[in-house]
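Consider the two complexes below, in which chain A is the common component and chain B and chain C are the respective partners.
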Partner chain A sequence: MDLLQNPEFGDKMVTLMAALVLVLQIAMVGQRWLVMNIRLFGAQSFLLGAIAAAIAWYNHAPHIYAAAGMTVAVKAILVPILLERLVDRIDIQHEIAPIINVPLSIVISGGLTLVAYTVGESFYHPHAREASLGHNTLAVAISLFLIGFFMMLNRRKALTQVLALLTLENGVFLAAICLTYGMPLIVEIGVFFDVLVAVLVLGILVFRIRESFESMDVSKLRRLRG
Partner chain B sequence: MTGTFLKVLAQFALLLILAPLVSGFIKLLKARLQMRRGPGLLQPYRDIHKLLQKGMVIPDTASWLFSATPYVVFLATLVAGLMVPMVAADTPAGQLGGALAVVYLLGLGRFFLALGGLDTGSSFGGLGSSREMTIAALAEPTLALAVFTVAIGAGSTTLSEMAKAAIGQQWRFLAPSQMLAFAALFLVLIAETGRIPVDNPATHLELTMIHEAMILEYSGPYLALIEWGASIKQLLLMTLLINVFWPFGLPAAWSPSGILAGLGWLMLKLVILSCGIVLVETSNAKMRLFRVPELMAVAFTLGALALVSTFLF
Partner chain C sequence: MLLLLLLVVPLAAGAVSALARTRRTMETVNLAAFGLGFALSLALAAQVLSAGPVSLWGGFLYADHLSALVCLLTGSVALVCSAYAVGYLREDERSGIFDEDGIAGIAQFRKYYSLTPLFVFAMLLVALANNLGVMWVAIEATTLASVFLVTFHGRVTSLEAAWKYAIIGGVGLSMALFGTVLAYYSGHHLPGSDTLAGLNWSVLAGHAAQLDKTTMRLAFILALLGYGTKAGLAPMHTWKPDAYSEAPVPSAALLSSATLNCALYGLVRFYVLTSRCLGAEYPGGLLLVFGMLSMGISVPFVLVQKNFRRLLAYHTIDHAGIMVTALGIGGRLGALALMLHMTYHTVAKSLLFLCAGNVQQQFRTDLFDKVKGGVIRVMPVTGTVFLMAMLAIVGMPPFSLFQSEFLIVRAAFDAGHYVPTVLFILFGTGIFAGALLHVGGLVLGQGGEQPAATVHPWRDLPILALAAILAVIGFWLPAPLLDLIRGAALVVTGG
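Right after this comes the complex of A and B.
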């Protein structure tokens, strides 16, 4: 039990999980299959929930447990199930066709991470030990944000853009949790509700786009139809 | 002076003897996992013995490069092996060079192997060489980045200093930079030893072979040297991965009792790493050649992230 009380160990674990979140994000950029992408997103959200739980444990802040539980329930389980059902229902081609080819996208993501680290470095205070648990994950949060944006720009299909938006939201959540040790619970609940509704609405929208254009390629949405 | 000489001799012997055993073990494990009986554990030794006694066929079009290649490949790999800590953190030829020397001695071997493949003028050799160089051009920077990541942590590019630094620090293996560098290096290990997602060591199918295509013209003792050199390279990269990232149980200096313990730990960790490699090999299909750069781009990005992480975390 000593190990679990040791804040240094906690710091290592939070940093490690944050790094894994980043690796999963880059894996999503490199992954060609839609279903695999959704599952990677689920795994990423699960790790995010674990980070929140670890921060709650080491800071003795019970209300963050609620945020952690909701992250796992909504983003790691509910949203992936909804998206996979959507993929099944509209019976689309499972391969993602990004605009920039995969190796270059991965290297660009690496470059964006560098940018994020440069920005995040100015917030990094290695000597402030007391309040430091997981503070250095800000750079990871910023890179999730940037790579999420890049993924949205880089993909043509509406569904994959929804997925990119969700990873971007994960970045915002990570930043919130590591900088403020959790926003007020009511804000968190609002955000989760937002995400869920957004996924539902976007899901219906994607379905409708598919119905009327027989494709999910958003670049075909150029004309109004009656 | 005699001490150093003995250490060099011991490490040579260890490299030469252990390398075919590791190859044999991986083959056996893979066969068992696929419900086959597979060749015996000692089959690589028998193969080398058999090849060394056979005659050679040298193509008429071959120049001196063809004959020089097996020696260069074998010796460059063997000398690189002297700089990698195996049973003790102290390496016998640490003064000669560190991580960079190891990376580029392996590069020298690969360069000559590619030349040897081109030299005979056969189309398969050229095809193999071009594929090998395509992959190497992507794997080499990744290897260098991953090694530099560890070198920054240790404050030295000498591999024995890296291993010593790793022995001293607790929780170090949990640091993200170490994890990312380990992942990058594992992908490099798979690419460099020609394992399944990248290359298939057990096939001679012209569409897919890379390493085998380059050495298609070699026979007899030359082939034995090249195969032996390849298995030493595999052992060397595995040992590098093991002793730089998990130096648990590795003694700092050479002493009779310490070496035995070090050897025991090395064997145990080699078995574990081999199991990992075999699992990857059996659970994946070979990639299309044009997909390999994607895998290597992932490895490169992991290496770059590892290097960046050392400055922040």
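Right after this comes the complex of A and C.
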């Protein structure tokens, strides 16, 4: 049980989990099946919750446990269930058609990770108080954010854009956890509430767009230009 | 106490309307709540003017002159729009627009009358939250509460518009959230910063000089991109014409005036932190770039526009650009011009949308071609007011927007920003020509065979009230309002 008290071990665990989060993000870029994508997102959120819990443990900051619990409950369980039910109900094509093909997308994601590391580096102040957890994790957070952006642009279908938006949010959450050990609890609760409502709102929109697509008149769509 | 009431009243009105059974109940509840809300925002302004900033719950809610001004503007637009909505929605029901999808009329009324108070609640919370994180949550909530107002008419195009609105807004705001996290981090070495108050604007602004400079630099860019998306600055403006032309008119009027103010409010809060930490040149330069871009992009779209509600939307992009430019120029004059312009624009733009709504309901179209002009003959009140508001908003003297735009040009010259000044005048001329050409033709043109419309008190009284305000503030700004505007400008410049 000595390891559980050793901050160096904690640091390594956090870095390892952050690396896994990044791997899952790139796997989402490469994955062509919608349901698999949702599950990868769920796994990624679960790891985020674990990172938050680890940081709470090693820094003796009990308020982060609440954030960790909410991440697991909302983003790792509730949101994936809602999204999978939506996929079942609207019976859409299960394959994602990205604009840029998969190998190139993965190369681009790698490039974005490098950019994120350079940006993250500039924030590293060794003299600042106990910033040891920050360095690698912040770079991962920025990569999540950038790759989420790229996913947003690279995908045309409504539901996959929702997923991209959620990974963007995951990036911000990770940044908040590693930079400042989370936001104040009330802000954290507000953000989770907004995420949940956003998923519901976007889900209803996806559902209604799908319903209208059957009888969608293309010439009407062109009206919203200029 | 006042702050709490201001938030609770619209929230309660939303809940009551969601449970109400008849249309009349919902209308009454909404009108009463917004009337009360307006009175409360006046009381708040009076209190701030007499006793300085008000706060509640250890600074969780906080209102200085700037918050009080934004609340007052939101409260007044919400009141006028709720009065206008009564006539507007009844007309929609009568003409059978509701029945297309077989949705019962009462469900549509319930949707409008329960979401609108929620929407207004979120906007008031933006102005009253001291904590930057809570402010972010509230701005995101304005988007979420208004998405289903954009899809109100249930057309395929409204779905497309709502989708763009929600997704572009969501991505933009996630950047703003990142900016907020970084702002929190930049003050994280200060003592006592890991409590809730560590993210309070009033606390951060007090220690702005000690904030970490590199972090603040990035935080401002992210906040600018994020809240700029919400304000519809180019090139993140693409959702705006769609959402404004698809939403029901009273919601569009709220979106284009009060919600724009909220987004700018968020930006101003970050600007103050950044300029106190890094000096005004860095955020000012960025703001000028986005301001010029927004003004420039809207010119061609205004010139060739075929749809009058989209014309107004591009016009709002132009004015968001103008206000951001004023903030970018900064200094005492720039800040004062921003606050004046925000006040004048709120009145004029909501008035324009309400007029456009009257024309649209009468002629059953929002295209210039199909109306064929002659609005002034068919609807004398709406036509006259429409033209007057248009003259006001393109900056014709003696109307008030001329003063604020002139002040911006003067401030820019004083500060030595010659290129932006020249561009500002150039773009302003383009907008002037385009907007007047189109709306002049619409109101005064030859016109078709439409008979004169019947007079509707619900339709005409709200626009007459706003028109009277617009005409009066062109010549005379009540002293307390001017004090409030000056106070708000002082929040920006400090001291």
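Note that the second predicted complex is superposed on the first by the 204 of 226 C-alpha atoms of A that agree within 3 Å, B and C clash if a C-alpha of one lies under 4 Å from a C-alpha of the other, contacts with A are read in each partner's own complex, and residues count from 1 in each chain.
The rule is short, and it goes like this: a contact is a pair of C-beta atoms (placed from the backbone, for glycine too) under 8 Å apart; a residue touches a chain by one contact, two chains touch by 3 or more.
Because the structure is predicted, anything quoted here is derived from the model rather than measured.
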Q: Identify the partner contact of A:Val191: answer first if only chain B is touched, second if only chain C is, both if each is, neither if none is.
A: second
Q) If you stack the two complexes on chain A, which partner ends up touching A:Pro103: first (chain B), second (chain C), both, or neither? A) first
Q: Check whether chain B or chain C contacts more residues of chain A in the superposed model.
A: C
Q: Considering only the touch criterion stated at the top, classify A:Ala56 as touching first (chain B), second (chain C), both, or neither.
A: neither
Q: Please indicate which partner A:Ala176 is in contact with in the superposed arrangement: first for chain B, second for chain C, both, or neither.
A: second
Q. If you look only at chain A, which of its residues touch chain B in the complex?
A. 8-9, 12-13, 15-16, 18-20, 22-23, 26-27, 30, 102-104, 106-107, 109-110, 113-114, 117, 120-121, 124, 136, 139
Q | In the complex with chain A, residue positions of chain C that touch it | A | 131, 133-134, 136-137, 140-141, 144, 147-148, 151, 155-157, 159-163, 166-167, 170-171, 174, 177-178, 180-182, 184-185, 188-189, 194-196, 198-199, 214-215, 241-242, 245-246, 301, 304-306, 310
Q: Mind listing the chain B positions that touch chain A in their complex?
A: 171, 174-176, 179-180, 183, 293-294, 296-298, 300-302, 304-305, 308-309, 311-313
Q: Going by the contact rule at the top, pick out the chain A residues touching chain C in the complex.
A: 122-123, 128-129, 145, 149, 152, 158, 161-162, 165, 168-169, 171-172, 175-176, 179-181, 183-187, 190-191, 193-194, 197-198, 201-202, 205, 208-209, 212, 216-217, 220-221, 223-224, 226
